[in-house]
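Okay, so chain A shows up in both of these, paired with chain B first and chain C after.
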Partner chain A sequence: MSLITTLVGTLLFAVLGPVVGCLLAGLDRIVSARMQGRVGPPLLQPYYDVRKLFEKERASVNSAERVYVAAALLFALIAGGVFFSGGNLLLCVFVITLSSLFFIMAAYSTRSPYAEVGAARETLQVMCYEPMVLLMAVAFFQATGSFDVAAVLDMPHPVVCTIGLVFLGVLFILTIKLRKSPFDLALSHHAHQEIVRGVTTEMSGPTLGLVEIMHWCENVLFMGWIAMFFVWGSPLSAIAVVAVVALVYFLEIWIDNNFARVKWQFMFKSAWLVALVAGGVNIALLAFL
Partner chain B sequence: MELSLGLLGFLIVFPLVVAAVLLVVRQEAPRRVVVIAAAVVIALASVALVIMNLGASTTLFEFQSEALDFVCTGVSAAIAAVVIGFAVRYKNLWAAVLAAVQIAGTLVLEFVFAHEIEVPYGLYFDSLSLLMTLIIGVVGSGICVYALGYMEDFQAHEPEGAPDRRPLFFALMFAFLSAMYVIVFANNMEWMFTGWEVTTVCSFLLIGYTRTDEAIANAFRQIIMNLAGGLGFLVALYSCAITVGTFSFLDFLVIGANNPALVTLAACALAFAGITKAAQMPFQTWLLGAMVAPTPTSALLHSSTMVKAGVFLLVKLAPIFHVAPAPSVMVMLVGGITFALCSFMAVSQSNAKRVLAYSTIANLGLICACAGVGTPEAVWAASFLILFHAVAKSLLFLCVGTAEHHIGSRDIEDMDLLFDRMPRLARFMMLGIMCMFIAPFGMLMAKWATLVSFVDSGQVALVVILAFGSAATFMFWAKWLGKLAGIAGEPENVEATVKPTEWASLLLMACLLVLGCVFLPVVSAALVEPYIASVYGVPGQDIATDNLWLASICTVVVVLVLFAGVGARQRGRRVDVYLAGVSRDGEARSFQNALSGTAEASARNWYMESIFGEARIAPVGVVFNALIIVAAFAVSFVATPIVF
Partner chain C sequence: MAFASKSPWVIHYDGSSCNGCDIEVLATLCPGFDGERFGVINTGNPKHADIFLVTGSVNEQNIGVVREIYEQMLEPKVVVACGICACSGGVFHDCYNVVGGVDKAIPVDVYAPGCAVRPEQLIDAIVAGVAKLDEKSAAMKAARKGA
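== the complex of A and B ==
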């Protein structure tokens, strides 16, 4: 049963994820522009950009890169499908990590010095956020008694009430996952703080288009993680979710526009410290109280 | 049933006969025939035994023999003689002392305490033994076949006139398999102890194979640590003889689970033996040193034998750990700390074999931690960790050994472009690496179960350790994978000279790995759950079967991407890499430098020495774990009612 649910969920997410993600990216660009005193592009600009990428010539360093990127996109879609069909949170975490790994391998396969720098940094970023993400799943289990995301719908109160510290920790690493400054070491959209382009240096045309779509889907999935903290068995939770997701995304945009990229040492140490304190303390409290 | 007993005896005796034959065969051609034939026979016999007894619960065989007891004592004496002989020759006091203490202890035990105690059911098997049988019989003999081609190359790389010790080498490999079968099938703990000591001395001789100063030094480090572990086993035997009154392993486990106070010391001492054999911190250095040996030795030690004997014993003891706090806390903490710290240290290594060694120690640590937790779910996870680690690690060691002979280095930094230079080998290596650390492959499914079992049993410290250790695991595997994945131009293909026996073993391991991952739910139902059900009365699987099948589907996709998708013919235009507009040769990554000369771009991996360096981390683990072990022994001496 759950196999079929997951497959249907994946198909639905493959359609809806990019649409929502594209709108989110459009909003992101408008809000960023307003913060910088510009008007900004139209809401659908990310869509126009990607459409144009798919019209471009196929030119690449090797044939493998595109295969790896396609695999990364596929697994991002499966991760979204697992999550939004109410499936196992740990499985979702593992599959999205697999997706990141394929993205990293795509960059390494090009043997471009710039892409290799980006890939190495991306690997480091995964190491930075992974403990907090795993602890999030564990805390979720402690709060609901199940690893299935659907369990939140039976809760009398949102899980954030019991795992608030974990929520703060996830907020911290969310900046890394969304590739926002100051933690956009592997791949930055701020031209002034980028070597060349990091991970995607050698990706162009349709391949780059796939990468963009993957990022949209990832962003939707991560916002889903945030929303998960505020859902409980009441229709009211829909309002709470919209409000919180909007607020969190706005916060991320604000951080992105106000902080300069940090060194990897700071990112690594702070991310692990936050995971240890926020995750460790919250889990210990739930286990022993 | 007679057939099973026959097969069981055959698996113990036949490798010994083969070993004796190989000792006298000095030519390459007949040795090849003997090794391949013996490996096939052992593998088939193992598979036959497993298939005949799928899902069987514990089966005991009425089998005892005074003569065998004396043979075991004789073997122990011979082992001590070998060790003392080497210790005198190379002037190593500690090895001689430990060996002397051990043989004295064994003789006193046999003739003073034990001659009254009889074990009517000397042999047994259950599903866990059968799982080990598969690993020893198929993976172990696969490694023996691989060694044929490897040792031929190895001998060719040796200086002119170097002595050819290959007969001894192959004899030891097969003797090792026999000793492993003794460990997993013997219900009589004295026989098990003999097998235990045979593996110790075999690996001593294999590590010292080249007789260089470094090899001798590392071999002695190994023998000293493992003899100390053997003394732990001996203490457990004394404790059994005096307080429990039986040498039947299964009876011991049942008595222990019902009356933990009685066996606390014995369990602690056995756990200590398991910890040394599984190279847990503070004993990790012997396994790191073992890599001076030829690669098939490392593969054998790391995957199907030696260290697996250690964790096998610990997993068997899990029901006792479940109820006895002192040994349980010791095994859990030692394993958990070892897992995290060795994963950290692996990040700082560039030598491929050393990375593999640290990863082995780390994963064994995780298995120990599972055994220490001792719940059915944890044992389920531990069983799968043992299985997938054995297959994936042997695949990786064999790949690294072959790569070393063809690119002349075992440094990961020299594996640039391996995907082009040795396309098939690189893919096997990538498959092995991915299986070690990433979903949907078996190791990660087992880690998933591990995490769930830790959460279920409220082990907060272990959960946190697992989260951070896994993150470091991602780092060191992913950067190695990245090195392998690079593709540029058409460098010379150097894999044409890889020996057919090597390809055969590599292919065997890769197939086992993929089949194991895809059919994980079936393996669980046929081999793992029966054992757990027979011990605990519950199946122990904690991940929904649907999710396991979902992982199987993902596995198929990843394997297809790796072996069919990547490397397909390119559609579209091929361009050179971006070198800031000053490139001279895209494939070589050379560009025009500031003096109008030609410079080549090169990239090295990230080692984070300042954070994860060995010098920083190793002492922490050694001190912590040593303290934990001492404390656990102190508590168990107090807790056990009658000691001596």
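== the complex of A and C ==
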């Protein structure tokens, strides 16, 4: 993959990622509301929210916070660009982790006790999902013989056939990555939590708007990861991808609405156990059989 | 076009209310009334909120807290006094420790009387507050252009 492809991919993702992510977030809120017996907000509600945030007064605890958040958004866009232009999966994983680290730094920089609790929990979440994400990249290499995402297009069958267990593991940590209950320890969509607002406690107005946009882009990227498992060298894969992504996102909303938040100990143990069992067993099978 | 009116995030503070109005405030967000239809979200953070819902009267103990929350909110912001106690002190107006309604501490934009204030009235008050938000947002934009 050349630098130009990645650049073009990043630019395209910077335009399309937020649009798709915004619609996904709107759909998420409507489906959540219907599950609770409510009508719910309009589809474009997340868009209205962000536009409003950019209209608010500009204020921040320090000048670094905004820079960190902007860097987090930038790296989320680059990670999306690398992934959707068929680039290196491992690079995508590292760049999106860098984005998370900048987000954590933004929260720590404010020195607010609530934001620091959120940042500490966010760090913990990164620690929980990262092993599975790395094992995903390793298993992907074993299945396709390349770290390039574009390699799936030359496959005679979707990679989920050979790394199905890894797919299940990724499905488990997806709940953490999408910040859904029961693993929404650092930052919940649902307000009125016990630590005020976790990571974003001190972020307001336009800064919070950037966080929202970053969150949309991340969601699109993670759905792309899910889609990657079901793409192979046939136009039929488009249908499979749409069906699987819709089903997985619906499952995530269902989990979000039906499970109470767990303690970090449970999240940590279960995430590592799943990574070890699902990832380890699948990789061992591919390596030794 | 102002977007302030399309996504009014509220923060709720219980002054010295009997909890009647607080229960009604939360009921407003429940399925029966579903405030989220209008984009209303209950935030726990003044820095994210646009509308400040205060229930109960202001007393010597909490006047500082009410002012602090108001100060932490970013412009444009609107204050709604929910229930008769928040409007004027209600039955507690002549208690030795009660200062009076919320307007004794911070500027109030919308008064929603009632004991307890009904969810329908709260939604009306929030909608009235939302119109105020738009006005303030437009004024801010004009000031920014002028400056």
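Here is the rule we go by: the second predicted complex is superposed on the first by the 285 of 289 C-alpha atoms of A that agree within 3 Å, B and C clash if a C-alpha of one lies under 4 Å from a C-alpha of the other, contacts with A are read in each partner's own complex, and residues count from 1 in each chain.
Just so we're on the same page, a contact is a pair of C-beta atoms (placed from the backbone, for glycine too) under 8 Å apart; a residue touches a chain by one contact, two chains touch by 3 or more.
In this text, all values refer to a predicted model and were calculated from it rather than measured experimentally.
S.K.: Check chain A with both chain B and chain C modelled on it and let me know: fit or clash.
M.R.: Fit.
S.K.: Would you sort A:Leu289 into first (chain B), second (chain C), both or neither based on which partner it touches?
M.R.: Neither partner.
S.K.: A:Val126 in the overlay: touching chain B, chain C, both, or neither? Say first, second, both or neither.
M.R.: After superposition on chain A, A:Val126 lies in contact with chain B alone.
S.K.: Could you look at A:Ile78 and tell me whether it touches chain B, chain C, both or neither (first, second, both, neither)?
M.R.: A:Ile78 contacts chain B only, not chain C.
S.K.: State whether A:Tyr108 touches chain B only (first), chain C only (second), both chains, or neither.
M.R.: A:Tyr108 sits against chain B, while chain C stays out of touch.
S.K.: Have a look at where A:Ala59 lands relative to chain B and chain C in the superposition and call it first, second, both or neither.
M.R.: Both partners.
S.K.: With the two structures laid over each other on chain A, which partner does A:Leu90 touch: chain B (first), chain C (second), both, or neither?
M.R.: Once the two structures are laid over each other on A, A:Leu90 reaches chain B alone.
S.K.: Which holds for A:Ala260: it touches chain B only (first), chain C only (second), both, or neither?
M.R.: After superposition on chain A, A:Ala260 lies in contact with neither partner.
S.K.: Mind working out whether A:Ala275 is in touch with chain B, chain C, both or neither, as first, second, both or neither?
M.R.: first
S.K.: Would you sort A:Val15 into first (chain B), second (chain C), both or neither based on which partner it touches?
M.R.: neither
S.K.: Could you tell me how near the closest CA atoms of chain B and chain C get once both structures are overlaid on the shared chain, in Å?
M.R.: Least C-alpha distance: 5 Å.
S.K.: Counting contacts the way the document defines them, which residues of chain A are shared by the two interfaces, the one with chain B and the one with chain C?
M.R.: On chain A, the overlap between the chain B and chain C contacts is residues 57, 59, 196, 201-202.
S.K.: For the complex, which residues does chain A have touching chain B?
M.R.: It is residues 1-3, 6, 57-64, 67-68, 70-71, 74-75, 78, 82, 87-88, 90-91, 94-95, 97-98, 101-102, 104-105, 107-117, 119-120, 123-124, 126-128, 130-131, 134-135, 138, 141-142, 147, 196, 201-202, 268, 272, 275-276, 279-280, 283-284, 287-288 of chain A that touch chain B.
S.K.: Where on chain B does chain A make contact in their complex?
M.R.: By the definition above, chain B touches chain A via 417, 419, 434, 438-440, 444, 448, 451-452, 455, 458, 460, 463-464, 466-468, 470-472, 474-475, 478-479, 481-483, 485-488, 544, 546-547, 549-551, 554, 557-558, 561, 565-580, 589, 601, 603, 605-606, 611.
S.K.: For chain A, which residues are in contact with chain C within the complex?
M.R.: Contact set of chain A toward chain C: 29, 33, 36-42, 45, 48-49, 51-52, 55-57, 59, 191-193, 196-197, 200-205, 208.
S.K.: Help me check something: in the complex, which residues belonging to chain C touch chain A?
M.R.: The contact residues of chain C facing chain A are 2-4, 6-7, 9, 31, 34, 36-39, 41-45, 47-48, 50, 74-76, 137, 140-141.
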